[in-house]
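The next part holds the structures, each set out as structure tokens.
What follows is chain A paired twice: with chain B in the first complex and chain C in the second.
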Partner chain A sequence: MFEIRKRRTAVAAAAIGVTAALALTGCAGGGSEPAATYDPAEKVTLNFAFWGNDVRAGLYDQAFAAFNEEYPNITVNSSFLGFPEFWEKRQTEAAGGGLPDVMQFDYSYLRQYSENGLLLDLDPYLGSTIETDGIAENILGIGVVDGTTTGIATSTNAWGLYTNPKLLEQVGVAGYEGGGSWDDYADWMKQVTTAGGAQGISGGTDWTARIQNFEIQLRAEGKQLFSEDGEPGFDKARLAEFWEQGAEVRDPAYTIPQQRLEEIYPLSGFDAAQTASELTWDNFGAGYLGNLGDGYTELGLVAPPVTKEGAKDLYLKPSMLHTISSKTDHPEAAATLVNFLVNSPEVGAIFGTNRGLPASETQLEGADLGGLDAQIRDYEASIQDRLGDAPPVPIVGAGTLEEKFRQIGQELGFGTLTVDEAVDQFFNEMDVVLNQ
Partner chain B sequence: MSTIEVDRAAFLEGQLEPQPRRRRPKRKTVSTVIWFVVLLALTAIILYPLVWLVFSTFKPSSEFGSNPGLIPDNPTIDNYLKVFDGIAGTPLWRFFGNSLLIAVSAVVGILASSALAAYAFARIKFKGVGVLFAAMIGTLLLPFHVIIIPQYIMFQKLELVDTYVPLILPKFLATEAFFVFLMVQFIRNIPRDMDEAARIDGAGHTRIFFSIILPLIRPALITSAIFAFIWTWNDFLGPLLYVNSPEKYPLPIALRLYNDATSTSDYGATVAVSFLALLPILIFFIVFQRFLVDGVATQGLKG
Partner chain C sequence: MTITKEAASSQSTGTAAGSPAKGGGRTKNPATKPGRRRANRRENVAGYTFLLPWLIGFLGLTLGPMIYSLYLSFTKYNLFADPKFVGFDNYVRMFTQDPQFLQSVQITLVYVLVGTPVKLAAALGIAMLLNYRNRGTGFFRSSFYAPSLIGASVSVAIVWRAMFSTDGPVDSSLSLFGIDIGGWVGNVSLVIPMMILLAVWQFGAPMVIFLAGLKQIPRELYEAAEVDGAGPVRKFRSVTIPMLSSVIFFNLLLETINAFQVFASAYIISNGSGGPAGMTNFYTLYLYKRGFADGQMGYAAAMAWVLVIVVAIIAFILFRTSKSWVHYAGENK
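The block that comes next holds the complex of A and B.
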């Protein structure tokens, strides 16, 4: 009896193994060989994927219609999703070899996909199929990973300070002028909170919850968050010092309490008209106006506080890039589409700043910018002296660390972590992410 | 009629006073009243999020964040009007239709294939039944995430991506071990005497399955149908991976398109469409729950 039972177990284990093996086979083998040249008479279908909402979907449809007038032989099948789902799907496709031909791409994933050989090397197309005359050298450099260009930035963002003039008028405090020291900014927030406290209006949110504020402070000191090799440009003492700055501004006399932020999540305090300022990427403006509703028609956009006079602490970040799958069957046609989406003045006119401020001069000229869009353009021009080189393409796992930083910021806001514990937690997480 | 049933009937009619004829002790009534108050309070707490959802569908988008309360300050039906227009040229009913098609096919597939597989496991002695049963249970232990990529590669090579085949075909192949297992256990509890009696009368497996087993496992079939429907209706990852064209998206994916973290999120539309997406499931559950209770009640065999 015992013998039989034992044998049964062994066979069962083997069966499970075989089932798993069966499920796993079929992953071998690559895609078909891509056709090398582009033939304008050949009918080509390209898959294109982007993240966004239905407003952006409508804009892309118009852009593809314009594209087809020029290139009637190329059909573009587009599909779109929200940002997190978009990446979930891409990760599976990347593993399965089914990436779309052309993608709207995010900076934080560029290194991972490039290093795994999933993205087409664009260097052979630069200057020919993909025109580069209108794109500044430092913007082209954004899409270079380990010496190879794999992405073309469509548009740029810079870190900025949004203010809400209507709320400020309501509480009777003058708008923040921009620049100044971090203490100046804290004092201004306190002034707004004191004046607006009765109406539930705070000056802003605790800036130490955002890793970008830490980054611009480090850049002012000539360091960076992470080097190309993933070495952190700060030690525990420096991070502790940064979070200690927050000890003061986390006080409800300065900023909106963390608990109120949780209540209105996923809106931010600024979206919900409960804070008068917010440090963030300058392309968030349209979203803020949308969430604030009809009562609010304008926003202020000024430069963030200065850590050190004359330092190049800010930089232009691609709000998104275009990349091509390395397994595409039609690299020439795909490059033609990328060129159109990046450089065409018509696309500029269609999108405005929906994808960020156009990176290409030719596209920017085509864009008819008014209101907030013009404000963003002027803002990026005004901070020219503070703009340094973009940091290296983010390390693999940068997104995870940014999220961890935000979560720790929340816990600091709740007071459930001390600064020392927070620093230890973040370094532990870095250890896991960087050494995996 | 038992006392409990009388109590229930009395309460349903709101007659909490003790009936003179029954001469029940007063203390019992008091404790029942307290009991009901507690239950009502708990129900209110549990139902609040749902009620909030319903009321919030009438809030304009800009009111989210400023008004966390139940009652909208400026009630509007714009959210519904916008939602019925659909997304990116695809009307809302299309997403409902897609979801319904996938869910109904999945229910049919799961019921048909799992019942057959379960019958084989429970009633037929064949070589390797133990091994195969263990392998099937093994797939239950296998985390879903392990098989996503190999499965994707298979369907990608078969060029079935962007069709509903990857979502529906596996359901017809009894790959949902949970349901097979559920039915196996159910069939094992049915006395073999009935099969044997049928066999003596000359029935084969087909006849036994359709005439004896299938009617007797009705409660298991209904339970499976409810779960299969709800799970497929709410499934997000499967359609996300296998469906590319926006006009083929089922509801859960379409729903997320209203709420994009990188640009403006339309919270009014999100809650409105969430509520609409919830309705079919709610109706399905209410309708079939009755069958479920019936099924359990009639399960006992006479004799």
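The block that comes next holds the complex of A and C.
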């Protein structure tokens, strides 16, 4: 009896021990010593996250190798995802307090993360750890939310119109010369589609599915998409008018049918060499060439159609920023990394315009821009007359609304929604997002 | 020697500790009561302690979050700021202000109501074919089960997408017969049938259960029916179906609940967009997008609870009606 009792006690003790061990290991993760200031002798590991693809990952690896030559004590662990997944992951990390130390960041989320205190205030590092000599004042201003700098723009991009000269030659239509009215552009697309229809080539894509095209039309009228306080710069009638423009353009005589787009998604018609033009951000060029494959070596890049002559409808936007988590244990080291990624000429040479046209002069000098990169630089110079002030940092939920706009555009393309229904849906969604 | 002795004695205490014997032991032999009780308590403590890891998991990772999500469903919560209580707003918005939600419910219902019966019929049909003793039955059973093993994987959804695109294998084969309907993936009216086909193709799990059920049916019943002059159809209707009804009920319940939760295939085939025109935006995919892409966690939680309630009601109805058509062996009715 005694012996048995002893055994039972032992069993119970063992069980408690095992459970306690499990519980302890569950709680013991994380929690390294915080280091307030940067010490070149200290070994530091930083987590870095970006969105992109294999090509960009390779470029970042080169950049980190260059970084380690200068700062051998800072190890950078990087991870990447596609754009939507990147943000889904960040959202949950933000809620759990585990954001990576340094992040590639998008303009449309900057306000939300800044206002919730998730991003490190960079002001103490500006001009010291993060050099600002090469960065223009208005570009530094891009990363300021409510008076605090939380992001540094790596590069800028502008809205542009890409064309595919090889496809155009194939169908025998001259390239679009840029500018002109929206009707001119529509007519040109129709011309291309008529000539290329037999080969499965369309002139372009229905532009009314992209909120940016709506935005530049609004800007031409002196309005903006959303004010700083989240007031829309348009009413139902104006949005309906915009989507009505698409009624003609959605016709397969003009643009690629929505069903084809659906099948090739996530590629666009332009990526898949099925459309000869696309309105988009100008740093997409390298990605297009990559997706088009070896048969394509050059692209045309011209200005989008003009809504109103002389209007400042276009603007330079940060194609991406770098931010630091407010919870990082190594703010000084993180700022050092951000400085390197933003200012280093070596990084400029590695990336070219992969992240957009470098925002920092020192980095731009390091970049040996040839071919498409030079074309993008020249394009941004050529639209100087049309460049106006950048809109305020996007409202919280801007990303959601942009995506909703795209989805509704698709449904209009399929004809499963009328313009009036589409307008109602978008305003409903706006109501929810803006009141969050 | 000691080992056997110990084993024997521990076995005896083991039975004593079992609840049915407990009360009897105590009254009959009050002298040993305190010792026994202490031993029992120890045993319980050890039992619960071993159970603790699971219990912590259940309370912390399942029950706790469920209760919390019920609370969240009455709030606005964007993951950043603290949840803000809004009463029934989320539920009201769902049914009055969100056409996408209604569309999502509609296509999910079509998927469940059409897909599940077709899938079960296919599973039963194949199970009956495989129930015949032929050469190579084992091979056929495995190969028919294979799609279910790999069916849930990402790669199959990708293959499916490629197969049903314009000029893909399906389009080309149909064209041979003069049916020129183009790709299914981007076609608003064909994409749901395509999703249902993908689900039906993964009939392996219910098939195996049907097969086991079929093997349980006594041969005598069929022989008796044959003597009475029953043909194959009559035998199927009057012997197979009634004898299999409990298995059918089980499969029906399980597959219905599973179908409501279709996510992975829709996510992959539409690249997470729920397209074309929202036609693959099934309930859980939409819920996920609302929660994680749009950051509307309160709304997503409310959607989750609506799903829980709907599935519970359907299960309840199935159980109630089952009394009239499900026959359990050994029951006298």
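Just so we're on the same page, the second predicted complex is superposed on the first by the 400 of 436 C-alpha atoms of A that agree within 3 Å, B and C clash if a C-alpha of one lies under 4 Å from a C-alpha of the other, contacts with A are read in each partner's own complex, and residues count from 1 in each chain.
Keep this in mind: a contact is a pair of C-beta atoms (placed from the backbone, for glycine too) under 8 Å apart; a residue touches a chain by one contact, two chains touch by 3 or more.
Just so it is clear, the model here is predicted, and its values are computed rather than measured.
Peer 1: Could you tell me if A:Gly295 is touching chain B, chain C, both of them or neither one (first, second, both, neither)?
Peer 2: first
Peer 1: Between chain B (first) and chain C (second), which does A:Arg56 come into contact with in this model arrangement: first, second, both, or neither?
Peer 2: First partner only.
Peer 1: Could you say whether A:Leu118 touches chain B, chain C, both of them, or neither, answering first, second, both or neither?
Peer 2: It touches chain C, and chain B stays clear.
Peer 1: Counting only touches as set out at the top, which of chain B and chain C does A:Ala272 meet: first, second, both, neither?
Peer 2: A:Ala272 contacts chain B only, not chain C.
Peer 1: Which of the two partners, first being chain B and second being chain C, lies in contact with A:Gln258: first, second, both, or neither?
Peer 2: second
Peer 1: Please work out whether A:Asn428 is in contact with chain B alone, chain C alone, both, or neither, and reply first, second, both or neither.
Peer 2: second
Peer 1: Regarding the shared-chain residue A:Asn343, is it in contact with chain B (first), chain C (second), both, or neither?
Peer 2: Touch partners of A:Asn343: none, neither chain B nor chain C.
Peer 1: Which of the two partners, first being chain B and second being chain C, lies in contact with A:Pro84: first, second, both, or neither?
Peer 2: Once the two structures are laid over each other on A, A:Pro84 reaches both partners.
Peer 1: Check the residue A:Gln407 against both partner chains and state whether it touches chain B (first), chain C (second), both, or neither.
Peer 2: Once the two structures are laid over each other on A, A:Gln407 reaches chain C alone.
Peer 1: In the superposed arrangement, what residues of chain A touch both chain B and chain C?
Peer 2: Comparing the two interfaces on chain A, one with chain B and one with chain C, the shared residues are 8, 11-12, 15-16, 18-19, 23, 84, 88, 92, 95, 263, 266.
Peer 1: Tell me, which parts of chain B touch chain A in their complex?
Peer 2: 60-66, 68, 87-89, 130-132, 134-135, 138-139, 142, 147-154, 156-157, 161, 237, 240-241, 244-246, 253, 256-267
Peer 1: Can you list the residues on chain C that touch chain A in the complex?
Peer 2: Residue list for chain C touching chain A: 6, 9-10, 13, 35, 39, 42-43, 45-46, 49-50, 52-53, 56, 76, 78-81, 93, 97-100, 165-166, 182-183, 185-188, 271-273, 275-278, 292-296.
Peer 1: Please give the residue numbers of chain A that touch chain C in the complex, ascending.
Peer 2: Residues of chain A touching chain C: 1, 3-5, 7-9, 11-12, 15-16, 18-19, 22-23, 84, 87-88, 91-92, 94-95, 112-113, 116, 118, 258-263, 265-266, 396-397, 400, 403, 407, 410-411, 414, 416-417, 421, 425, 428, 431-433, 436.
Peer 1: In the complex formed with chain B, which residues of chain A make contact?
Peer 2: Touch residues, chain A against chain B: 8, 11-12, 15-16, 18-20, 23-27, 47, 49, 51-58, 61, 77, 79-85, 88-89, 92-93, 95-98, 100, 263-264, 266-267, 271-274, 286-287, 290-295, 354.
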